[in-house]
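There are two complexes below, and they share chain A, which is joined by chain B in the first and by chain C in the second.
After this line comes the complex of A and B, so read on.
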């Protein structure tokens, strides 16, 4: 009896998490997959089976094609701003200065504490083309500030800068921690040999930090595409004419503004498949720990 | 020569700090300026004629206390729920061998790769079925489904020596007492920091409130702030900045108190 009890115990501890995961994650994913084969509007009592038409629409509808292209632009901007820039700064803090590392860490992280709605508000003020401080300064030099919310690509740029403001400190700390876990004797040996710093970083440090580097890179894409949802919804609602929308935002628009659950679900499934490919890369290169549980 | 080079790097890092902090300083400062002053003396960080006018006006337009309470309640529910389920799950992983462990672990890892858009419609329908639309519990529930806490707790629990737990087991101390009297006290620093991170994240949560809360009486602070921003440029910025200032106070205080723990936890979460 006692023994049997013990075998059940771990599952009892896992139960609350399991229920949450099944109810709010696993079943919803399956249901969205199911919905992606139907036409529905969230309210009607019946759903019409349409086969693969919703998926066809994801790839052939001009609006969706534009949104997919925007998603790629977002990925490029996010990777540069939220991954490469913090990586560069973390290398500077680790290898090119010797004091104040702690101060930089504490201060860089502060914006990560704040809502993206606050970020969106402050940056619409700073970048307001008529009355904002940047427009004010530019006017003194005789330059007119462009009305960025009328241009898809400029709106995307601003939205990415807003998420950069929030995510920068977080990614910086993750990357700096990775650099800190590289054995010191390797760095010292290179110093003794007189190898130039940038060559040391390129040939030794970056490859050794590959695990956490890939982890932050993937996180930047997966979370970044979802983070931009907030500034998009607050500032542009996807406009001008879907110019700043991405696949995540378009999924939301289709479901809760246009009431087309079929297209929305198909878009969600396609997004998920892309994320699963990234997950596969993550497990392959980063999750060495999973083997402990085999 | 070398010294001058080092100084140049510090200048770059100082610029990064300015980029991070200056927007917040401008926000706080403008929230204490009149609308006229905020246009006229835009770049003054210290208001010439400091005023509480915006805060008073804000208090007339929205129910500040109600908004703050809603947000606080939601964040507290999410934090407590995620801490409890996370600790229990991590403890099961730490203390028992069972079938399917690696598969379950990989499911936890993969949860951060699930875009919210794929669970959005079904979760909305479930919350509507449960009659929890416009209800704080309805916004809290879907947020509980998150494995990041489990991963951090797992890492700290692995540092607890096996001998300690084995000794307790030999003494026939019941599991629930091992958990509450041995494991939880050892994990206190990481419970505090993970709890602080959970609370701040949920305090700022935007997606689920947008989907679930339509009635203004049930709004949280981020939704109320959104109402003060419009893309047409007709925004009363000092008022929006006053509301933002109210929103950032609590996360800032939490960070001020637990800063070291929080940064440590985030560092650990990245180490694989």
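After this line comes the complex of A and C, so read on.
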């Protein structure tokens, strides 16, 4: 009897979390999957079954194709700005600058305390191509600032920079902490052996910090695509002609602006699958690392 | 001992009797007198929310039998619609709801509501209130595609042309010449050639309200007989004009917030936007700003779509509907409507309020409102297609984006028109 109780106890402890996950995550995902086969406006009493039409639309509609391509561009930009650059700077701070590490941490972290809506509005003002402070400064040098909101690629760049302003510090601290947890004796041993710094970083530090590195990489992509939603919504509303939209904004637009829940659900499911693949990659890498050290 | 027991029993009986008596009284009071109703609106504190609270408080102070609770819904009419959907699903709908014109048909075909005509007939016994307060034109704004009145017009707005008088006088441009779009182009060219500044900004939010006004003022129809009809000669001509202005750098093409910021900083000489921007411009601009009536193309007259919202009764219970109707009628009294107008920058919807001395005095103090009031006579309902109206609006936004990015005007408008018409079947 006592043994039986012990076997059930862990499940009992897991129950509250399991209930929350089922109610707020599993059921909504299943319902979204169900809705992706219907044409429904969110409120009408009847839903029209359309089979795979919504999924076909996701891949064949030129607007959706553009949005998928934009999503890939966003991923590349986000990885460079929010992962590679903070990684590089955290390496510089950790191994090349010995003073004032704490100050950098605080300085870089401050923007992540601000709301992204506030950030987006401030940047809209600063980067106004005609009347913003930067445009005025450039004008004094005889340079006209490009009208970035009319070009998809420039709008994506600006939106990524706004997100970068927000998440840079957080990612930087995570990576720096990861670098700090690498055993010092290994580094010292390498130094004693006279291994050049770049080899030390490439062959020792980076592989040893891979767990945190992959974690931040996945976070950059998954969280970054959600973070860019706010500046898209505040500044460009996906324009010019979906030039700055991504799959998450398009899902929102279809669901809550156009009330096309079917198309929106199909988009959400496709995005979900992409994220699932990324998660799978993360688990593979992180677990491989865990096994290596086991 | 016996005596004290008896006393105790009597005391308990007494307490119970009092309790029953009070409970009965309480029940009686709540059943017959105070009706609680909720009013859903979209006015944030910076957009007249304080005025809504002030009006509701005043109503509650003067009406002992009705208590109104105002609830602000963020993200404008879109946000309110989203909340209303959840409310309908849970069965707890508000009693009065503010509905934006663009949602007219979507609201009418998906939600339960009581028409003002039915409310007037049921609770007043006649339609005197509606007939005496609203003109036929104003009422037409709040009709669905079948011609039924959905709610009562509450806030009205029209587009006007805001001008920077300092720039205009510097380059010797007469205000009269800005009555036509052709005149505006000439003036913009003069300004751009001499100063490098932009002549014009036309608002570009997530709707094509202003652009529809330009097409309508070139003799085009947005819809005819329930079908999109904007790819006509008039519609194409209007958009060609707009595209050329942008290509020649005479008109600025940026999102709304940036465009208005540039006008306020004096980098753009004219802004074609809603009258609801008047107080913002008055407060922020450091130049001599004024407003003139919405322009038209040569040989055509000014026609603009109306902006703003209506009030619809969404209460389901007869008593609640009665209280909602009572509140609604009070909100349309001249004094309340003028207070509302002052707080939000919108125009009041009733004849009585528009002609009241309080509003006329207010216009005298704020002359920018004058052209908007005059334009009301040329206003038509904001186009709301019978089916999939929100997707139709998106198709028009897409066409605007494409044209301003350089696409061929005629074929782009035709594609958008065909797309909308295919959805109307």
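By definition in this document, the second predicted complex is superposed on the first by the 270 of 294 C-alpha atoms of A that agree within 3 Å, B and C clash if a C-alpha of one lies under 4 Å from a C-alpha of the other, contacts with A are read in each partner's own complex, and residues count from 1 in each chain.
In this section, contacts are C-beta pairs under 8 Å (C-beta built on N, C-alpha and C of every residue); 3 or more make two chains touch, one makes a residue touch a chain.
Bear in mind that the values here come from a model prediction, so they are computed numbers and not experimental data.
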Once the shared chain is lined up, is A:202 touching chain B (first), chain C (second), both, or neither of them? neither
Look at A:260 in the shared chain and tell me whether it touches chain B only, chain C only, both, or neither; answer first, second, both or neither. second
Going by the contact rule set out at the top, does A:268 touch chain B (first), chain C (second), both, or neither? first
Determine, under the contact definition given at the top, whether A:43 touches first (chain B), second (chain C), both, or neither. second
Considering only the touch criterion stated at the top, classify A:59 as touching first (chain B), second (chain C), both, or neither. neither
Touch check for A:111: first (chain B), second (chain C), both, or neither? first
Dominant toucher of chain A (residue count), chain B or chain C: B
Doubly contacted residues of chain A, that is, touched by chain B and again by chain C: 42, 121, 124-125, 128, 130-131, 149, 235-237, 239, 256
Which part of chain A faces chain C closely enough to touch in the complex? 41-44, 121, 124-125, 128-131, 147, 149-150, 235-237, 239-242, 256-260
Touching chain B in the complex, chain A uses residues 7, 9-11, 13-14, 16-17, 20-21, 23-25, 27-29, 31-32, 35, 42, 89, 92-93, 96-98, 100, 104-111, 113-126, 128, 130-131, 133, 136, 149, 165, 168-170, 173-178, 181, 211-212, 215-216, 219, 222-223, 225-226, 229-230, 233-237, 239, 247-248, 251-252, 255-256, 261, 264-265, 267-269, 271-272, 275-276, 278-279, 282-283, 286-291, 293-294
In their complex, what parts of chain C are in touch with chain A? 78, 82, 85, 88, 106, 110-111, 198, 206, 252-255, 257-258, 261-262, 265, 267-268, 390-391, 394, 398, 401-402, 404-405
Spell out the part of chain B that touches chain A in their complex, as residue ranges. 6, 9-10, 12-13, 16-17, 19-21, 23-24, 26-27, 30, 39, 42-43, 84-86, 88-89, 91-93, 95-96, 98, 101-102, 104-107, 109-126, 141-142, 144-145, 147, 150, 175, 200, 203-204, 206-207, 210-211, 221-222, 225-226, 228-229, 231, 233, 235, 237, 240-241, 244, 247-248, 251-252, 254-255, 259, 262-263, 266-272
